[in-house]
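Next up is a structure, given as structure tokens.
Just so it is clear, A, B, C and D label the chains in written order, and each chain counts residues from 1 on its own.
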Amino acid sequence: MPLSPEQQAEIDELRSQPRETLRSVAPGMEAHLYKALPVLDHGFVRVIDYMGDDAAICQAARVSYGKGTKSVQNDEGLIRYLMRHWHSTPFEMCEIKLHVKLPVFVARQWIRHRTANVNEYSARYSILDREFYIPTPDHVNAQSVVNNQGRGGVLQGAEAARVLEILKADSNRAYDHYEEMISQDGQDGLARELARMNLPANVYTQWYWKVDLHNLFHFLRLRADAHAQYEIRVYADAICKVVADWVPAAYGAFEDYRLGGATLSGKALDCVRRMLKGEAVTQEDSGMSKGEWREFEAVLGGSE
Amino acid sequence: MPLSPEQQAEIDELRSQPRETLRSVAPGMEAHLYKALPVLDHGFVRVIDYMGDDAAICQAARVSYGKGTKSVQNDEGLIRYLMRHWHSTPFEMCEIKLHVKLPVFVARQWIRHRTANVNEYSARYSILDREFYIPTPDHVNAQSVVNNQGRGGVLQGAEAARVLEILKADSNRAYDHYEEMISQDGQDGLARELARMNLPANVYTQWYWKVDLHNLFHFLRLRADAHAQYEIRVYADAICKVVADWVPAAYGAFEDYRLGGATLSGKALDCVRRMLKGEAVTQEDSGMSKGEWREFEAVLGGSE
Amino acid sequence: MPLSPEQQAEIDELRSQPRETLRSVAPGMEAHLYKALPVLDHGFVRVIDYMGDDAAICQAARVSYGKGTKSVQNDEGLIRYLMRHWHSTPFEMCEIKLHVKLPVFVARQWIRHRTANVNEYSARYSILDREFYIPTPDHVNAQSVVNNQGRGGVLQGAEAARVLEILKADSNRAYDHYEEMISQDGQDGLARELARMNLPANVYTQWYWKVDLHNLFHFLRLRADAHAQYEIRVYADAICKVVADWVPAAYGAFEDYRLGGATLSGKALDCVRRMLKGEAVTQEDSGMSKGEWREFEAVLGGSE
Amino acid sequence: MPLSPEQQAEIDELRSQPRETLRSVAPGMEAHLYKALPVLDHGFVRVIDYMGDDAAICQAARVSYGKGTKSVQNDEGLIRYLMRHWHSTPFEMCEIKLHVKLPVFVARQWIRHRTANVNEYSARYSILDREFYIPTPDHVNAQSVVNNQGRGGVLQGAEAARVLEILKADSNRAYDHYEEMISQDGQDGLARELARMNLPANVYTQWYWKVDLHNLFHFLRLRADAHAQYEIRVYADAICKVVADWVPAAYGAFEDYRLGGATLSGKALDCVRRMLKGEAVTQEDSGMSKGEWREFEAVLGGSE
């Protein structure tokens, strides 16, 4: 259960006080505000604030297009056109602020997306809580044998049990020692900025993360992808649901052109053209490497 | 008059429809929303949207500091502490979106601030209006004789009249020719993306500009400064008024620590220390160049 | 002729003095250093400095992958893998610094690429030269009738002559007046920062532009594209030649996966799959709009 | 000892092969190239590549100043002027690429500087080494009693010994378990991307980090500061030495205006002016809070 009763009470209070504004309001987002979407065993994603909606994307685009856009009749068509042609600036006109609780090893991947604003809980100032990510048994996987950076099948029986036992025991021991070192009971107490170094990467941290919609889509394209590590993908999936409610037209275009689309190389396009003319193209005469060809076949087969 | 009756009607309509939101609301900004603050002869600044307020800065900072911030009792004190110690990330948690109409030569300075989102009216797609910045007679200045990049005294009499006459005549002639070239009346009509190249840098353009509060303060520090060109400074001044109404505590700290403050070098601090001990320090024994010493004296004299 | 004898002498001198370095050296770039590649009537692109080469991309990638990259046997294969999977950070490890002379209306498009470093010649400090872009007759086009933001056929006969005559006469008159206003001969002389506003957007400016290879590829993908305005595309084309000599393997991958590739939407991929099974798909049953379908057919036909 | 014999041999080989280049060469940096500067117990900083020197800063500035700068006689004066007036773009024209080995908790602070390029060793692909930061006894400090985010005095006797014992034992146990979990000896072996979560924040990682000189100075100002955590400050100090050898004039200006300088608020400047007139100003009539006044006194006393 990621939320304490106090946190739930705070959320309930914030949600009980609607106020008047002249700004654009996205009804789908109002329903999300402040509520925590649980992710993993102790994590969550909470919408703290947002700016703009589908109409704001079009409004910004029409400043740049001015009177020339009369032919684009409706907002959804314009949004799909912008997404298809990589016109990213109108999507930057929407902004979202999230409160996220996440394991440190996930935070380390996440922060590599540089075009965002972040305020993280500081373990120099403050004491971290005793909260660690321990995977459920169906997410304790072996190293992949085909992909150096992925996981293979789920570990079974005694091996899985041993892994979970180690993760739990080491986390708890590390936290016991963390508390022991910073304690000022009968001793000076180690500085927090030093003591934190004993905590493993599955300890939870939290931050406020603010990003524009274009850069959020970029994050989601990479992190909601099947090749992303499961533990960050579940955060991306939770955010996808929020964005679908916030800017339905933009999210629809994102699903079609980015999540569901694929980029084909010049060589791959050439193969498609030959295949459509009836030619039986093989990897050997495709100009592609074996790896590329395997990926190309997956795209054509619909499994990618 | 920068706004047409249609534009005024559109603004009036937008301002007549308050809606409910659960987000934080800044009353000082609601009063500004959509209204155009006139700048120069045809320009304006309009607030289109905003995210956050003084409390949002503190809320983000308190995620960072967690329990460690209890010692800072109130929001204003915390905000001043953050500003003083260059803790910029909490200020990034507020965002503003402006609609700005401005001459192209001002836009060219403005766009050099890279950490912002921009949608500009496109003269490839659309036809620009016949609107040019013509300075008022009290802002037609000579080249400065002390500063290569500034202006000196106001031009007088016949010289001033000649300048204004040239600017007006050339602007109008350029626009006549622009219209003539793109006209499809009895001819094919030149492409807009080519015709625009005949228009001078005092033609007005417009854009949506979205920026976070930290980067906005950076922009304002440089552009509301006495050394900034007058024509961009008046935009910065207009935005300063808006920000003071939006986040009064943050703006107060910005005024004290940035606009009203000064950075002293190690050499300058050393001179101050010697002077406070009663020593009569001169440029020759200050370790500073003549230019530095002049600026140092201006800071101590309060004229900088 | 874009270079004066003094400039050519300066370049010759710089090229005559090789020095020793322990850094990686890209022979293809050494041949370009300082030389001006002419673009348009008075513009150029000059390589001032560079960092890294194809090997530096792989070296950085191998820090990421450590022992995991042993399976990718050679550098070219690794570079193609990185490009195909949008692993952009290793490409960011190469950097290039260019000196570019270009018309202001081109500079205004160019500067929208924010992730770069720029030092522009300042018309507040300095006096601009009498150099204006005047298109050659084969690049004076009509407004496109199918694309609001493009050009159609080349203007003919009297209309083309009139356009060129206007552009030349207005440029020269604007510059005469610019000189007249700033002159201090028998008058105070208007400040440069004001006088420049009389100059049209085809006046030439120049800047130093420094960018990493990943962001340069992004720039080239958009600006070397058939939909980019001709006057910026010729700069992108010139830079493409330089990059091909600098990092041949990375440029080859860029050509195949970006310039020569295409992104297909989920709907488009679905159509391809149906077509490969022998189905005759039409726009009506494709799920695509007419515009999308037209672009899709162009991709399959190889004309895009 | 941070370098293995293989690494030292690789460095020696790279340093034995000077090549010819037409680019600008900084002799002070050539002496650093590839060599590892040891930091902490297993860390290092190595210069991998660089672009530009003091002259390159001036060259870029003079494009932006053009003919107007004849009065700035020499490069050092120009560089000091640029630094004093926050003209940051010419400093962006120099670039440095470092290979850094550092504990994860230091990497987490470091990465918050967003305007840089990073390639980190990936623990999804590769196996981390058994290397952990264990502080020397003189850097095992108590929590500060005056500053929530700092350290106080060095821990003594049994308490210090207990801390070091815990850090060593927990690190080794965590690594034993890490190895045990990923082992494929008689079991499937846990995926690396999961096993890494058991490792504490004092484990060493490494990355390539590339940054321009302006953003590097910003990093150094914050991280070479007395308030920065000791473990990142030693990296900043090592880099300061490198930069002083690379761009001596720019580093000198940075030392005087940034590291050795201080920003005074409007209120503080007002107090200085009153004090210089002979007035005895106290905190009560300064307009400053107690915290501000304490910092102000430290600046005037030279202890800040």
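Here is the rule we use: contacts are C-beta pairs under 8 Å (C-beta built on N, C-alpha and C of every residue); 3 or more make two chains touch, one makes a residue touch a chain.
Quantities reported herein were computed from a predicted structural model and do not represent experimental measurements.
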> More C-beta contacts across A-C or across A-D?
Replying inline: A-D
> So chain A and chain B: same face meeting same face, with over half the numbers shared, or different?
Replying inline: same
> When the contact pairs of B-D are compared by residue number, which of A-C, B-C or C-D has over half in common?
Replying inline: A-C
> chain A to chain B: how many Å between their CA centres?
Replying inline: 35
>> Using Cα averages as centroids, what's the distance between chain A and chain C in whole Å?
In response: 33
> Taking each chain's centre as its mean C-alpha position, how far apart are chain A and chain D in Å?
Replying inline: 29
> Where in chain C do residues touch two or more other chains at once?
Replying inline: 65, 68-69, 118, 122, 125, 148-149
> For chain D, which residues count as touching chain C in their complex?
Replying inline: 14-15, 17-25, 30, 33-34, 48-52, 56, 59-61, 63-69, 89-90, 92-93, 95, 97, 99, 117-122, 125-127, 206-208, 210, 212
>> Residue numbers of chain B touching chain C in their complex, please.
In response: 103-105, 108, 111-112, 114-115, 118, 122, 124-125, 133, 135, 140-144, 148-153, 155-156, 159, 162-163, 166-167, 170, 173-174, 177, 180-182, 184, 187-194, 196-202, 229
>> Using the touch definition from the top, list the residues of chain C that touch chain A in their complex.
In response: 65, 68-69, 71, 77, 80-81, 84, 86, 148-149, 222, 255-257, 259-270, 272-273, 275-276, 289, 291-292, 295, 299-302
